[in-house]
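See the structures that follow.
Below, chain A partners chain B and then partners chain C, in two separate complexes.
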Partner chain A sequence: MVEQKKLIVSHAPFWHSGSRVTERNYHTIFAALPAVLLGFYYYGMPAVGVLCLSVATAILWELIINLVSRRPITIGDGNAALIGLLFGMLLPATMPWWAVITGTFIAIVIGKQIFGGIGSNAFNPVALAVAIMMVSWKDLFDFDSMLLNYDLEFATVYPIAAAKYFGAQGVISFNLWDLFMGRQIGGIGTTFGLGLFVGGVYLILRGFIRWEISLSFLAGVYITAFIFHLFDPIRFISPAYHLLTGYTIIGAFFLATEDSSSPVNVIPMLIYGAAGGIMTVLIRNTGAYVDGVILAILVINLIHPLLDKIRPKALGKVV
Partner chain B sequence: MPALFRVGDKVNTGQKISLFADDPAYVIATATGRISSISPFTGDFGKSYLAVTISLAGNEILDNEFETVVQNPTLEGAIDFLSYAPGKPQLSLFSDAQHEIKTIVINGVDSDLLVGTNQYIVKSKLNKLKSGIQLLKTITGIENIVMTVAGESLQGYGHLGAEVKTVDTAYPSALPRLIMKNALGQIVPAGQSCEDLGVCFFSAEAIAAMGTAFDSGRIPITKIITLIRKDGSQNLIEATIGTPIEDIFATHRITVNEKDRIIFGGPMRGLAVYSLEHPVQPDTDAIMVLDQSQAAYASDYPCINCGECVRTCPANIQVNLLVRFLEAGQYEEAADYYDLYSCVECGLCSFVCVSKIPIFQYIKLGKYELERAKTSEGTNG
Partner chain C sequence: MFTKKELRLAYALAICLLVVGAICYAAFPEKAPEQPLRLMFKVAAGKVLFDHKTHFSELGYGISCGDCHHTLSEDEYADAQSCSECHDPDEGDEEQPKRAVAFHKQCGGCHEQFGSGPTEEECSKCHVR
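For the complex of A and B:
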């Protein structure tokens, strides 16, 4: 009998665009690096320590869950590392080690893995972890007292907190360009507006995040803050300050855009982003918390499945 | 029931071979010789075929049974002899009581990437197309014939006797449901076929083959095929229907290695075959050889909800939700709430999927399983 060559049979299509989950995660990590590096520059080794611990423990928690639940090891896809990195970026450089480990536990185990792993989480794991930490240990997220011992070349006053307690008077000493260039205190990787912005634009151009969400989020913040400012310019700071302080920019480009917890259709994405922006300013200006980004993102995560019901009619759909 | 043909019987080129007297299925012998084997083989989704192998005799004898039909063209005659002509014209649709066909679309644009077979026919065999269209009008009595051509220009088709429309060359515009929408302005409701709306599709090659058959009195037995090599380069070749692909590869010096993929059709919608002995079929518009290293593989990674599939879907299906139901085997929900039947089967969702989920395969499987459930309900209940 003639020897037959064995062919592989598979289903169409036989080509693939080549995109991969790993690629998305590593590129997002790459895009976040400029902001992280400026944080390292200002806060030195403690910041490096917090961030390394955050990334390392996030990967470790994922590995442990993989092993315990006897599922394929998924730490190679970079998602755990990304969650660890983003979580670390939101923290003050002096965060105690146990709080970092607890935070990554919440993000990876409660935020992501108990829902079934990547793609199944209803909430952004990072936002969920920060929210729980913020409620549980309020003082750890009081940037003014956490960063008290730093002697930096700019005022060590957390601008968004100053705005909350002192109104427009509180931020009068900051100029917008300094804020954009990261000359303000805050989370390790949240203060460098330019770096985050460049990273975000890179991700948008590469197609890893959607401009609809980021833009409408920023627009939501700006317009809502503008309206508040219009009514009471002494109590409420001008909208540009809202854009450049707190977690706004990292929220718009890195948190609200998380794949699993954000919508995919155009109109829902616009509503989702805008709702996040509006909620952010509402919480900042009228709520009990200093910064509203994290809670606003959890709220829009919650309404995302509902929003995605607004969808174009499928071809030939009979209603 | 006794078989009409057995192993060892002599057949002539162009002779109609049907195995049983009552069976409408037949093939046209494309060579002269003796039948050396009749063996079954299985295709996609459990379809089974019978392969008739002819060992070639030295001299070719042409069969002339078809000439009687040429004298007096009728639909029955065409169905009897041309249903498996190159391009596989679905002539039996016209005698099907379920559908009343009012419009015939001749697709001069190939429906997959890299394939150029029908574009070539439109460019090179206009006269045959014209006689084919005339013939089609005579035997079916349908005057409303639309031909689609690629690109912008409508010049040079005035004498064809068909209304010519252009189709965007960008994939997947040449798929029947999208032609219906964009060229004919009719939207096929989900769950219905183009035939349900009275429109049927023929490939340009099928019409040209019918024209050739009636002009020359011989059923054409060769087929134009786009041969796509491993490096992506394409050749148009002409091969006799029934030629094992092995022979084509030998002639064109294509080496096939273990674990390579051989695809009948193009890269987006083709069907992989498992044997080098697979014959060229009447509707094989392209044969593609894909190196093991180039072929896309699927993974069992979960959907990360990135939305690429939703944005690329030409039918506006919420693929990210649909695939969750299909993965769970909930085909009825997928069809009822998530537009399974709106799918035009272009494969773009699988192409762009970041998690490499075999979405297209899930969709085909879903449709197949629903169809199977429906038929078994029909027979059992």
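For the complex of A and C:
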């Protein structure tokens, strides 16, 4: 029999690569900052209030649940802060304080800690919290109603809602470049496409998120929207608008890529992302909700354990 | 895991951001401008987003306040009130029609007269759900 070396492990001592969960979380926060800063610029101090309260209460909820359940304090890893930041980014700048605190409670306690803490959550805690809030208090996520008193230098109509209600005619006044540069209303940190894109690419290059998920998510959105647009160009907006409005970009780079609720193998990742993109456009174009990203991400979170069973490679296999 | 320094950073973040957040909510409450910019009417037929600013602004349609707030004379424009102050959402008569009737007559009539904007027959161009 031919001798075959299957796995080689060297002797101790081992050297830590330096990559840690804390580093990952704070780098993700850093990557999200450009989009957050543009939100602060347009919406001013109320947006600062929402974001600060969201991050602070997310950390405090985690601390409380750690103390109540008598488990080690885990707030130092920065994951609670990241969840708080991403949750705050999806909210309108006029979100009432009680809704922010309720939302972070859902994200941290129901979305993450009930499952056993970091790495054990089946769903993205942020997406879960937003979905529950959206179903419970629909009006709080109606950006047209929530931002009535803002006089900004661009059209103050939520583009993805205008597209849903008025079709291609509803978005005719929006320029694609303006949308990419964040000249649209929406969540505090969701409108600045360029900022989110740059942040996402940074995370991909640093190896914190996988390009397969982000790219296939965006491709799924684009191709599905393209087919709809081809079918009825008056009723369904062009795919580029789908990419640049609503929660699409933040969903592709910051929500769908959450580690414990997404697959680890290449083909499952591609299917996972593409399914998210397809579901997003299906919900937007045929469903009852204005934006489908959050619900689509929950659906793909649900199927990810099954996807990971597709031709898994044995760990340590050389040949 | 994480270092003690990182734990201290998390505590500091929580406390500082909680204070800043509370101050922002207390010091910058949402304030409606004197002249509304946009109004959202939430009615059974579906909500209507009305761009008030574009209607009165010189850069928009430049409509005089009195054209819609029809009981006011020119020197009373600053006192213009919400339509619902007189036009009750549920009750009305010939002299003082209920809010929906008044709006349909006012908005649709003007749009028809100027050949611009949705008319009374084009429900879904204003009402959305």
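The working rule: the second predicted complex is superposed on the first by the 299 of 319 C-alpha atoms of A that agree within 3 Å, B and C clash if a C-alpha of one lies under 4 Å from a C-alpha of the other, contacts with A are read in each partner's own complex, and residues count from 1 in each chain.
Just so we're on the same page, contacts are C-beta pairs under 8 Å (C-beta built on N, C-alpha and C of every residue); 3 or more make two chains touch, one makes a residue touch a chain.
As the structure is a prediction and not an experimental result, all values here were calculated from the model.
In the superposed model, A:Ser136 makes contact with neither chain B nor chain C. Look at A:Asn175: by the touch rule set out above, it reaches neither chain B nor chain C. When the two structures are aligned on the shared chain, A:Ile73 is found in touch with chain C, with no touch to chain B.
Of the two partner chains placed around the shared chain by superposition, chain B and chain C are both touched by A:Arg20.
Of the two partner chains placed by the overlay, only chain B lies in contact with A:Ile8; chain C stays clear of it. With both structures placed on the common chain, the touch criterion links A:Thr286 to neither chain B nor chain C. The interface of chain A with chain B overlaps its interface with chain C at residues 20-21. Residues 113, 177, 181, 187-192, 256-263, 265, 267-276, 288, 290, 292, 295-298, 301-308, 310-311, 314-318, 320-321, 339, 341-342, 344, 347-348, 350-356, 358, 360-361, 364 of chain B touch chain A in their complex.
Residues 20-22, 44-46, 48-57, 59-60, 63, 73, 75-78, 80-81, 94, 97, 144-145, 148-151, 156-157, 161, 165-166 of chain A are the ones touching chain C in the complex.
Of all residues in chain C, only 1-3, 6-7, 9-11, 13-18, 20-25, 27-28, 30-33, 36-40, 42, 47, 49, 53, 124-125, 128 touch chain A in the complex they form.
Across the interface of their complex, chain B is touched by residues 4-17, 19-21, 24, 116-120, 207, 210, 259-260, 262-265, 308, 311-318 of chain A.
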